[in-house]
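I've put the structures underneath this note.
After this come two complexes, each holding chain A, first together with chain B and then together with chain C.
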Partner chain A sequence: MHILNRWFKHWSLLPAVLLFLLLTIYPMANLVRMSVSTITFAGGAAHWAWTPLANLQLLTNDAVLGAAALNTAIFVVVSVAIEMALGLALALLVARLSRGKGLARTVMVLPILVPAVAIGSMWKLMYNYDFGVFNQALTAIGFGPVNWLGSTSVALLAVILVDIWHWTPFVFLILFAAVEGVPTDVIEAARIDGATPRQITWRIIIPLLKPALAVALIFRSILAFKTFDEVFLLTSGGPGTSTELVSLHLYKVFFEQNQLGYGAMLSLAIIIAIVAFLLVSRRALTLRAMA
Partner chain B sequence: MSAGTSALPLVGRDRIIGYGLMVVAVLCVVGPFAWILMSSFKHQIAILTGAWSFTPTWSNYAEVLFGRRSDFVGNVRNSAVVASVSTVLVLVVGTLAAYSLHRFRWARWVTTGFLGWTLIFHMIPALTLVGPWYIAFRELGWYDTLGGLILTHVTMNLPMTVWLMMAFFSEIPPEIEEAARVDGCSPLEAFRYVALPLAVPGLIAAGILAFIFSWNEFSIALNLTARDTATVPVAIARFAQQYEVQHSQMAAAAVISTIPALLLMALGQRFIVRGLTLGSVK
Partner chain C sequence: MQTMKRLLAATAILAASVVAGIPVQAQQPFAAVGAQPPITILVNSSPWYAGFEKAVELYEKQTGNKVKLDVTPYGGMLEKARNAVRGARSPYDLINLDTQWTIEFYEGGFLSPLKDVDAAFDLPKEVLSYGDSGYWNADKRWRTPQGGKLMAWPPNGNVLLYVYREDLLKAAGIAPPKTWEDVLASCAKLQDPGKMYGMVMRGERGNGIRFDWMYFMLGKGATVVRDPAAGDYTVTINSPQARAALDLYLDVAKRCGPPNAGALGQGDLIQLISTGKAAQGMVVSAAWSNFDDANKSAVVGKIAAVAVPQPAGGKPAALLGNWNMAIPKNIPDAQKQAAIAFSRWFLTSGAQRVYAEAGAIPVREDTFRSDLAQNPKFRWMPAYLEMQKYATQELGYAEGAQVEQILGLRLNQALIGELSSGKALNLAAKEIEELFKKSGRRTGALPPLPE
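Take a look at the complex of A and B:
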C-alpha cells in the first residue's frame, strides 16, 4: 500500500503510456520500416525485402490514388460545407423555439450512435434501383428511375448525401450547446438598443459561436476524411473509381492486394497530411483538454 | 446568469414556419430508421416488389438469429464481449491517466506530449495502423482473437476517455480534495474516496460512449477477425456484400445492431449529449 501511495502519480499514468507505446508508437515505427520494404507471405511467415525506393515509386505512379484524392477532396469539402450550414441554421432555429428542444436533441443523437454499417444498410435499401424509396417516389411523380449507386455521375453525390444525413446532427449538437450558452443579457441589451432579430443573429450570436464553429469544422473535416464504413457498404468505391476514397484505397492496397509495404508508405503519407492539417489549424482548436 | 436565446423567441408566422422546419428536420432523420424497420418485417419478395402494404413477418429475424447458415448470435456475443471488456479496461486506464495528468505536477513536455499524441492518434484513420497490427498480431498469435481486438478498441477509445475524465475532474473544486488531504488521506485515498465518487457522471458518459463506439467499430474488426471472432458490423457487411444481397436479413441484422445504442440512449441521454459536446465547446 505504501509503495502504491508513494508512486501513485507515476503508476497511474503508466498503463496509458504503455498502451500508446505498444499499440500506436511501435506500429508507427513499424510503418516506417514496412514502407521501405516489400513484404511477401510464404508458408505463413512474412518475408521482408529491403526495397527503399520501390514503394515511393508506387506512390507517385498510383493513378487510383489521384482519383481517390480528388474524390476525397470533393467529398470532404461538399459534405462538411453543407453540414456546417444546415447544422448552424438548425441550431439557431431550434434555440428560438420554446418547445421541442428535448425532442430535437434526442432525435439528432440517433444517427451518431448507431453503427455506420447499419446506416449504410439503410441507404443501400433506399437507393436500390428497382425497389428503393427514392426511385419509387421519382417514378410516382413521373421521372425516370435514377441509378443512385451504379452510375458514375451520381454515385459520389449519393454517398455525400448519406454523410450529410449522418453528420449534420453532430454539428447541430455542438452548435446548439454553444447557442444555449450565449448569455441572455447580451441579447436583451441589444434588443433594448433596437437591434432586429436578424442583426442580433448575424452580429452577436454567430460571432460568439466562432470557437464552436471552428471546432466543429476541424473535427468534421478530419472525420469526413476518415470516412470508410458507409462507403465500403454502399459502393466499395465503385462504379469504377467514382466513389473511391483515400481510406478505401488504403484498405484495398493493404488487404485486397496484400501490398503491405506500399500500404505502409500510403499510411505515412496520410498521417503526415493529417498532422500538417492539425498544425495549421491548431490556433483555432480550443480543445479544453489542450488548454 | 441565464443563457440561451429564449430572449429572442420566434413569433407569429415565423414561429409556425420554425416549427414546420423543425418537424421536417426530425422526419428527415427518423425516415431512414422507419424505412429499414419496415423492411426488416417484409419478406424478401415484398422488398423486391417495393410493396407498401404487406403482412409483417418475423421470419427475417428468425432467419438471422436462428437460421442454420447464420452465425449472427455468435457475432452478437463477440461484439458484447469486446465492447464490455474494452469499456471496463479503457475506463480504468483512462481515468487513472486523466487523474494523474490533472492532479499531479508533471513536467510540461509530459502533459503536452501525452495530450498532443492523443489528439494526433484520434485524428488519423485507424486503417493506417491496422496493417502493422495485423503483422504483429499474426506473430504473437493474437490475430483472430477477441483479446487482440479488445486491445485495439481500448487504444482507440483512450483519447476520448482521457479528455472527458480530465474535464470532469477539473469541475471538482480542489478544496474538497485538499480538505481530505488535511484530514489525513493519502493521495491514493483522496482519489479513491473523494475524486472518483464525484466523477461518476463522467464515468457514465465515457463508459456509454466507449461501449457504443466499440460496438459500432468496423474497419479494425473487419481486418483483425475471421469467421469465429467476427463482430456485428462485420456480419452486416457480409450480408450486404454477398453476390445476391440478402436485403431482408441485412435489414433485420442492422435493426438488431442499433438496439444497444437505443437502450443506452434511453437510459443515459443526458450523459451522452454532455459527453459528445463537452471538450468541443468549452
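Take a look at the complex of A and C:
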C-alpha cells in the first residue's frame, strides 16, 4: 500500500509534466531549432535547411541591432528608474490619506486598464506637431512647438514619457499593497521614540519595502525590455533608428521581412539578455541584503 | 431603390441580348454565376472597404450566394493570410494581398493559379493591368504574363495623386504644377510655417518614404537594381540620378513641408490637407473620399487632383500600390469554384460601377471613362487614369520587403539630417548588395557616390 502510494505520488505529476513539456519545452526547443536553420517556403510547404552559422553571422552584421540595443538599454534604465521613484512616492502619499484612499487607488490604476492601441492613438494625437494639445499649450504660453515624434533627440524621450504614464500605476499597486502591509506597531514605536515622519519613511518604511521594491523592479524591467506596442504605434522606430527597440526590430525581422531563422536567433539573444539581467539583478540584491 | 432599378436594367439588357442573338458575355453588366456554396474573404479595412462591402451586398442579392467578410486592419492582414495558407485548410476562400506580399505567396506555392481552377477564367480586357502583379512566372521568379500564370486579380489599385487646393492656387495665381520645380516655386508663395504648408508628402521611416521617394527616383530615370526581370540584380540605387532624385525630394520636403517631415505618414497628410493646413500634397488615391466628406474635411469641394509632377527634364512616373485577390491552394475544389464565381462577377462593369459609386476605386478602364468621370465627386478620375499610363511595380522580387526596410531607413536618415544623400544611398546600396549575395542572385554594385 505504501509503495503504491509512493508510485501514485510520482505518476500524478505526469499530466502537469506533459503540459509543461508541451507548452514550454517544445516551443523553446523549436525556437532553438529555428535559430540554427534557414526556413523557406516552396510548393506550399516549409523547408528547413541546417545553417548553424548563417543566422549568427546575420546577428553580428545587423546594422540596426546595435542602435536598437542601445535604445532599449536607455529605455529600460530611464523609464524603470522614474517609474520606481514615482510609484513609490505615490504609494507613500496615498497610504497617508485618511479618506478617499480607495478612490485614489482606483484613479491611479486607470492607465494600466487602457488598451495599448488606445494609448498609442491618444498620445499620438497629443504629440501631434500641428494639432496636439502639448504644442498648443506650449504655443499659448509663448514657447515654440516641439517636434515630439519627429526629432531624433526628443522622440525616445516622448516614448519613455508614455511608458511612465502607462506603467507607474503598476509599480504603485505593488508598493501600495506593501506599504499597507507595514506593521503599524513598528511605526508607532518609532513615533513614540521621537522619530520624525521623514525618518519613519526613510529608515523604517522603505527598508521594509525592499522585497516589494525588488519584485516591482524585476517585473518592470522585464516588461520594459519587451516593450513593443507603445513604440510601434507612436513612431515605428523612427525617425531614423532613434526609437528602435529590440522587440520592434524583432517584429520587423520576423513578420515584415519573413526571416524566420534569423528572427529566432534574435529572440534567443533577447531571452539570454533578459535572463542575464535577471541573474545580475538578483545577485546584486542578494549582496546588498547581505551587506 | 437605385439598386433595384439597376437590376431591372441589367435583366432587360440580358434579355434583349439573348433575343437579338448577341453574345451575352460581351454585353451583360453582371456575370451570371449560378448557385455557389458560401465563401469567406479576407479583406482589409481601408478607405475603399465601404465600396467593396456594397458590391458584396449586391452580389448576395443578385445571386443568392453568401459571402462572409473577415475585415482586418492592414497590420493584421499579412499574418492572417500567412496562417491561412500555411495551415491544413484555409479558413478563407479568397485572400487579399498587398502587391508587395504577393511574391512570398506565389513563390511559396500557396495559391491556386486561377486558370487551374477554371480554364475559362481570364481578366476582362478592360481591367487595368497594374504592372501585371497578378501573374507569376516561376522559372524567371518574376511577375509577368509572359510565361507566367494568372494567380490573382486586382480589387483595388492605388497610385499617388497630386492634390491641391484649387481656391488657394487660383488666388495666388499659380497653375497646377507639372514639375517638382513648379512645386518649389509654388511653395515660395504658399509656405507660411505654422499656418500653411506648401506641399506635404510622406517622410516617415519605412514604406512611406520609400514609396513617395520612388516617384522622384523613377522621374529621374534611376532604378534600385539594373534589370531584375532579366535576372540582373546589380544594385544601382547609388547612381548619380538616384542622388539627384533624393536631393530633389529633400529639397521639396524641407522647403514645402512641416518641420516634422521625417515623421509624416499617410494619416498625417490626410489630416493636414483636410483641415486646410496644407495647400498641396501627394496622397494615395484611396484617401480621396476623406476630402469631400463634410464630417471629416474643412475643404469640401476645394480639392482638385492632377498627375504627380515630374522632375524638370525628367519623365512622368507613378508607382503602383495595388491589392491582389487570390485563391489559397488548401481549400476544397467547390470552394475554389465559388471563389472564381465571385471573382468573375466582381470584375464586370456593373459591379465595378456600384463599387465606384460607393467610394471605392474601380479597376476597369471603362468605368473611369464612363459618365461617372463627369460627376464632380469623381473629379480625381482623369488624374488617376493618366497616371496608369506609366505606373509600374517596384521591388517585385522575393527580397522586396527587406529592400524596403533598408531604403525606408536610409532615406529617412537623409531626410532628418543624420546622413548625407550620398552616404545614405551608398549605405543602402551596400546593404542591398549583401542581401542579394546572400540569396544567390547575380549582383554587383556601382562605385560609391562622393559623401
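Assume the second predicted complex is superposed on the first by the 253 of 291 C-alpha atoms of A that agree within 3 Å, B and C clash if a C-alpha of one lies under 4 Å from a C-alpha of the other, contacts with A are read in each partner's own complex, and residues count from 1 in each chain.
In the analysis below, a residue touches a chain if its C-beta (ideal position, glycine included) is under 8 Å from a C-beta of that chain, and two chains touch if they have at least 3 such contacts.
Not measured: the values here are computed from a predicted model.
Colleague: Once chain A from each complex is brought into register, does chain C clash with chain B or fit beside it?
Modeller: The answer is clash.
Colleague: On chain A, which partner's contacts cover more residues, chain B's or chain C's?
Modeller: Tallying touched residues of chain A, the top partner is B.
Colleague: After lining up the shared chain so the two structures overlap, which partner does A:N147 touch, if you call chain B first and chain C second: first, second, both or neither?
Modeller: Only chain C is touched by A:N147; chain B is not.
Colleague: Is A:A68 touching anything from chain B or chain C once the two structures are fitted on A? First, second, both or neither.
Modeller: neither
Colleague: With the two structures laid over each other on chain A, which partner does A:V171 touch: chain B (first), chain C (second), both, or neither?
Modeller: neither
Colleague: Looking at the overlay, what does A:G240 touch: chain B (first), chain C (second), both, or neither?
Modeller: In the superposed model, A:G240 contacts chain C only, not chain B.
Colleague: Could you look at A:F255 and tell me whether it touches chain B, chain C, both or neither (first, second, both, neither)?
Modeller: In the superposition, A:F255 contacts both chain B and chain C.
Colleague: Is A:F131 contacted by the first partner chain B, the second partner chain C, both or neither?
Modeller: Both partners, chain B and chain C.
Colleague: Between chain B (first) and chain C (second), which, if any, makes contact with A:L161: first, second, both or neither?
Modeller: neither
Colleague: So, does A:A46 touch the first partner chain B, the second partner chain C, both, or neither?
Modeller: Both partners, chain B and chain C.
Colleague: Have a look at 165-173, 183-191, 201-209 or 237-245 and say which bit of chain B overlaps chain C after the superposition.
Modeller: Looking at 165-173, 183-191, 201-209 or 237-245, the stretch of chain B that collides with chain C is 237-245.
Colleague: Could you pull out which residues of chain A sit against chain B in one structure and against chain C in the other?
Modeller: Comparing the two interfaces on chain A, one with chain B and one with chain C, the shared residues are 46, 128, 130-131, 236, 255.
Colleague: Can you list the chain A residues touching chain C in their complex?
Modeller: Counting only chain A, the residues touching chain C are 41-46, 61, 63-64, 128-131, 145, 147, 149-152, 155, 235-241, 252, 255-259.
Colleague: Quick check: in the complex, which residue numbers of chain C touch chain A?
Modeller: Result: residues 78-79, 85-86, 104, 107-110, 194, 204-206, 258-264, 268, 271-272, 275, 277, 329-330, 401-402, 405, 409, 412-413, 415-416, 418, 427, 431, 434 of chain C touch chain A.
Colleague: Under the touch definition given earlier, write down the residues of chain A that touch chain B in their complex.
Modeller: Interface residues on chain A, with respect to chain B: 4-5, 8-10, 12-13, 15-17, 19-20, 23-24, 26-28, 30-31, 34, 39, 46, 90, 92-98, 100, 103-126, 128, 130-133, 136, 165, 169-170, 173-174, 177-185, 187-188, 191, 197, 200-201, 205, 211-212, 215-216, 219, 222, 225-226, 228-229, 232-233, 236, 247, 250-251, 254-255, 260, 263-264, 267-268, 270-271, 274-275, 278, 286-290.
Colleague: Spell out the residues on chain B that touch chain A in their complex, using ranges where they run on.
Modeller: The touching residues are 1-10, 15, 18-19, 21-22, 25-26, 28-30, 32-33, 35-36, 39, 47-50, 92-94, 96-97, 99-101, 103-104, 106, 110, 114-121, 123-136, 138-139, 151-152, 154-155, 158, 162-163, 166-167, 186-188, 191, 212, 215-216, 218-219, 223, 232-233, 236-237, 239-241, 245, 247, 250-251, 253-255, 257-258, 261-262, 264-265, 269, 272-273, 276-282.
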